[in-house]
Amino acid sequence: MQINGEFKPLIVAFCCNWCSYAGADLAGNNRLAYPENVKIIKVPCSCRVNPMFILRAFQRGADGVIICGCHPGDCHYTSGNYYTRRRMSLLFSMLNFLGIEKERTRVEWVSAAEGAKFAATMNEFTEAVAALGENKRLEDLRCKR
Amino acid sequence: MQRIGVFVCWCGSNIAGTVDVKAVAEALKNEPGVVFSTDYQYMCSQAGQDIIKNAIKEHNLSGIVVCSCSPRMHEQTFRKTAQAAGLNPYMVEISNIREQCSWVHKDMEKGTEKAIILGKAAIAKVNLNAPLTPGESPVTKRALVIGGGIAGIQTALDIADAGFPVDIVETKPTIGGKMAQLDKTFPTLDCAACILTPKMVDAGQSDKIRIFSYSEVSQVKGFVGNFDVTIKKKARYVKEDLCTGCGLCTEKCPQKKVPNEFNLGMDNRRAIYIPFAQAVPKVATIDADYCTMLKSGKCGVCSKVCTAGAIDYTQKDEYIEEKYGAIVVATGYNPISMDKFDEYAYNQSKDVITSLEFERLTNAAGPTAGKLLRPSDNKHPHTIVFVQCVGSRCANCAEKGKEYCSKICCMYTAKHAMLTRDKYPDTDVYVFYIDVRTPGKSFDEFYRRAVEEYGVHYIKGMVGKIAPEGDVLKVQASDLINNKQIHIDADLVVLAAAIEPDKSARPLATMLTASMDTNDFFTEAHPKLRPVESPTAGVFLSGACQGPKDIPETVAQAGAAASKVIGLLAKDKLMGNPCVAHSNELMCNGCSSCERVCPYGAITYSDKEFRMPDRTVAIRRVASVNEAVCQGCGACTVACPSGAMDLKGFANNQIVAEVDAICK
Amino acid sequence: MRKCSLQNLETVFEKISESMTLYIPADTKDGADFTKWTKGVQMSQALNTNRSAKDFFFPQTEDLVEFKTEGKNIEVIDTRKESEDFAVFGVRACDVKSFDILDRVFLTEPYDSYYATRREHGVIFSLACTRPAETCFCGTFGINPAEPGADVSMWKTDSEMFFEANTEKGKEILKKLESVTQSADASDVDGQKKKTGEIMKKLPLSDLSAEKFGKGMTSKYFDSPKWRELSATCIGCGTCTFVCPTCQCYDIKDFNSGKGVIRYRCWDSCMYSDFTKMAHGNSRNSQTERFRQRFMHKLVYYPDNNDGMFSCVGCGRCLNKCPISMNIVKVMKTLGGEDNE
Amino acid sequence: MQKINSTMLIEKAAQLLENGTADRVLGWKKGEFDYDITPAVFNSVDQIKKEFVFGDFCGANLSKYLVKETRKGDGKVAVFLKPCDTYSFNQLLTEKRFDREKVYAVGISCEGMADIFKVKQIAGDGIVSVSSDGENVKVETLYDGEKTIKLSDVIAERCINCKSRKCVAYDELMGEEGEIIDSDRFDMVSKIESMSEDERFGFWQNELSKCIRCNACRNVCPACTCEKCVFDNPDSCAQNKAPADSFEEKMFHIIRAFHVAGRCTDCGECSRVCPQNIPLHLLNRKFIKDIDTFYGEYQAGAQVGSRAPLVDYTEGDIEPGEAVMKGESENA
């Protein structure tokens, strides 16, 4: 998304309620800054994230989408993030196959104790997406009118 | 269309310092559905909550958005506030503009802009919220414990102690399990029977505990609080209520050549038997495989000698149906088979035995009346070799053994070695080990005593081969510390066989829809935080069925499982989490994808008749979600290709609305 | 009549594209399709394009209007742009005829101004057929592939292309092309027309007759048990509809872009299970009914309302493209054959 | 081994009706020309003798029809299944989409089906007749008279890359059971993987922009048997009828491929029926190839009841970041 002529990538972060959302809260508690254009959507578990949500975000103008969940083995629901891992491995590989920049999508495991990791991940991911420029390959021109 | 109220919190300067809260409240006024928008210093304060309550009443709000701190902080607070004002608590959405906005951004303009967008996302979501009510289900105040070993007994005693009826289902004719076969227990060396049998008696005599011995669970239906269980009581051909346990029949029975499983086949029992003197229930059982009367109709000795008239050759398997609120799995363990360990000559020589066999050999009630005699010739052994980790920690020999550490072997081997040296100072005792693991209370001291006080030879290294030669067992081993090969002529070799979950666990897990790991140990709901619960609500884990454990750990876990059960049974009704999955039967294909990813077994299928769009009637298989069991993770919603499965509170359209609002 | 040598065809293209966008059939790896002409794009030799010329006048999706919300106000924006002039070159007689059918739908009340604008701005150069395929049956509907019609008719011989204007628009454009074409005599293409006529008689579907269909036949065919059999394996896709030059159903949908709502229309197919779905549900619930609708519309309902004109032009696209090879020819033969049984 | 021909199948179909094994038969019906064969349900011996046909143009996979057909009435449906169709059959059974008891499956060996478009490319327009003897195809056209083409030159793309000639499910087998074969079916996927990101994007942008959303790929797909597709469901947030923006083309095909990932048996029907000749099977094959690489070889439909890779996991699964690299570099 262009703000005052400067490219600021819009990042949608899906965070699981139990680990990563709490990790994001901890980043806040510790005042660890990351870009404003990272917007978090809370889901009960990373396995709630449907590939359609990811594509929808890109359609509507997101430049990067990141999914954060509990570390494998630590899922509140025991196995949710294992499914996330398989689904996203295949989905991201497919997007890459279609020539959509692989740097625009990411899965990161962030525990409730990893506020610093959350902030660092967001900073780093935003930077990586910023380097790619605007999302052109999965955009919907109608949303940019 | 909703009537939404927006409440922007300053959180003193926590939010207001970086976010222009007035601008946020003003900007959100124009969002679709919003009819009221305001800001206040502390929304969570009584005064703040009153603002919310009044606005709900005054503006007839159908939903509210609170822009404040994290929902982890005050979602519950605001839900209660809403409820107090007559609004369904699930019509509340929190927009996290503190932890995820004001605290991580410094620029007022940018922070305000982000806060507005986060507010819009919450409004977009609440526009699609529907009032949710947690499902209620009654609780049957009775627990089932599957397995009557020390784990099951302790769990049952603790539950009974809290006043709830408990049933124990045990496949053997008596409860007691493995512990009943042990001689002494480490590290205190109390006699196992002395500490176990009083508990067995307590269980047998408790008016809250029913023991279904010689029985199995054959079917489980239902869900937490409401399990319907069918128990198969195998025919034991003895009327339990009449048998006094006098034991006369077990002395008179002419069939004397039945291998005694309690002594691991090292001696014989009769076809009618009581496993051991302190059995509970102390009731005889006829072994149908050996009883001449049952096989050929000729004999009837036991019937003749039984003055109580308890013998009934016509008895049939009986099926009992009972309702339970909670189920505890305590199916325990077994030593693995030594068949694949040819190098240790277990099948070639009677004098190569397992540690459990050694327990029987040293037990006063065992086949040798507690005298340590070699099984082959009943001679007193002088050189005894213990081999640890037989089949444990087998990373490279998974086809023979197990990858995991069996945990108890180090300690019981130390116990065996120490007791042998104590009772028979003329013996030479060697222990071969990979590592000696002694992390329990007083464990290392115990092991050190074996080495230092009792002179047990601990040798780091593995035994390569054991070959019976004449009278002796040629033990070939390596000593890793001195880097040399060792040859010992042993009289007796004791193998510390790895332990594995009981074979009955796998089919039971299927019945309970409880998950298992690759080794067939039951999986806990959370490895750290919910170690005694299975992922299936209402199913709890006790003892070695969850992983290798020694007695103190097992008893601790048994108590923990019992307390979880008591907590459940103490409730009259279970309130579910209303944010659960829901299947739209009209769209469901019955493909089972959702069922396969559900960690809780919350999804069941039924064939239903549908009037199809083309006016024909078809019977289709469709999924339905048991709301009492579903925990709301949402795995099923993505596995479902047709979108028939959705999650209340986090519905597809709600999440998409948030995405849209954020990406606008 | 005008003509030019085939070598000089490119100068004709150049000339046309000076004043308007030109589309010609060009080969792709998947067959011919209308392609925007730029220098170097060669005209295909193929009999026909995968997709019909309908797409230029009735595109698959088309924005109708846009709504923007500002606070609680809604602004209505007419998104229509005055179309630029364009020319479609090499349209076969069957596709040309399809415009008669579409015009009757879109250019009668209620008048479809979106379609009309495109019709006004488009010039159609038709091209006579020389090598019809086995799937061609335009003759069944009285179409003569040697007299293709539209604004300008064209005939291609081994070395030359001939042009004959049929409308004012056609005359105007041929006038513009005078510098790159030469005068010719109408009889120059007689031989070729005759040859096409001969081949037409030899086509395997030359004996297919539409006589048993047309106005007033609803009751005769509506309840035929043959529909069930014919539609038994129809997969309910929209292939036949979307490749058809005469199918003209559309759905109107709203797209919420977040910044406003775009109301657009897009092709719809009566073969789809959600076609004309209303609050009460679907009007045709089984695939058999939907299947019947499509063919009854082409062969009976449309003629009923349009002086007996059929809404099939025999282009054969559905014969080539249907995933299960079910098509209007099989339907006509099966239903029409009922009398004889 | 004699190649399975029309006569043998007609005889079998008639026999199954006559001896009461089944009361209707799913097979193929003669077309207007020799190549435009339609799947059909036969109810009488008479009809079978008149219209049943089997040959090199019977590419249609009949397994999906069983979902609908078994819901009608009580009697059994007999169905003829080529090896690739038997995989779909098993997959449908795994997903409990029809009652096995209501079906009598006849497996028929197959050496590959012909592609009429390839025939037309070689023989030209105006095909009057086309027939094959198992080795050569004789074509007669309006303009060029008779021509003989090698059958191997006109075998459908999907059959050239056939994964298995083994019938994995049947009640009765005609011909040999066949074997799983080594094919080069992933070659094209590898080729695309080894392109640059821009080239890959260009390739797919070009292919997918041809899509007219006729839904033929979806409706013919034996893995797409949803009672209602998300793309048709107004409440699904994904409903869409036309590729109004190039995003919609990608959305539809990515999600469709994802929904059948791990369930797609690679029967190739999607690409066969695409009127725009989009190589849709390559999307499915990419998923198959990735699944094989990431989680070990898995063939959907090889066994009834097998657990599809997307409803399964292991604790040591590859991480998405690594997976993307692996999915890209495997062939580089």
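Should a chain be cited, it is by its letter among A, B, C and D, assigned in written order, with residues numbered from 1 in that chain.
The rule we apply is simple: a residue touches a chain if its C-beta (ideal position, glycine included) is under 8 Å from a C-beta of that chain, and two chains touch if they have at least 3 such contacts.
This one's a predicted model, so the numbers in the text were calculated from it and none came from an experiment.
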Q.
Under the document's definition of touching, what chains do chain A and chain C have as common neighbours?
A. B, D
Q) Would you say A-B or B-C is joined by more C-beta pairs in contact? A) A-B
Q: Indicate the whole-number Å distance between the mean C-alpha point of chain B and the mean C-alpha point of chain C.
A: 68
Q.
Please tell me the distance, in whole Å, between the geometric centres of chain A and chain D computed from their C-alpha atoms.
A. 36
Q. Roughly how many whole angstrom separate the Cα centroids of chain B and chain D?
A. 45
Q: Check each residue of chain D and list the ones that touch at least two other chains.
A: 230, 237-238, 244, 310-312
Q) Where does chain A touch two or more other chains at once, residue-wise? A) 51-52, 56, 60-61, 73, 79, 83, 87, 140, 142-143
Q) Residue numbers in chain C touching 2 or more other chains? A) 255, 258-259, 273
Q: Quick one: label the inter-chain contact graph as line, ring, star, complete or other.
A: complete
Q | chain A-touching residues of chain D, taken from the complex the two chains share | A | 189, 192-193, 197-205, 230, 237-238, 244-248, 250-251, 254-255, 257-258, 261, 283, 286-287, 290-291, 294-295, 309-315, 317-321, 323-324, 326-328
(Q) Residue numbers of chain B touching chain C in their complex, please. (A) 30, 613-615, 660-661, 663-664
**Q.** chain A-facing residues of chain C, complex
**A.** 66, 255, 257-260, 262
Q: In the complex, go through chain A and note every residue touching chain B.
A: 10, 12, 21-22, 24-29, 31-34, 36-37, 39-45, 47-53, 56-57, 60-62, 73-74, 76-80, 83, 87, 119, 143
**Q.** Parts of chain C lying in touch with chain D, wherever the complex brings them together
**A.** 29-31, 47, 50-51, 60-61, 131-135, 199, 202-205, 229, 232-233, 235-239, 241-243, 251, 253, 255, 264, 266-269, 272-274, 319, 321, 323-327, 329-330, 333
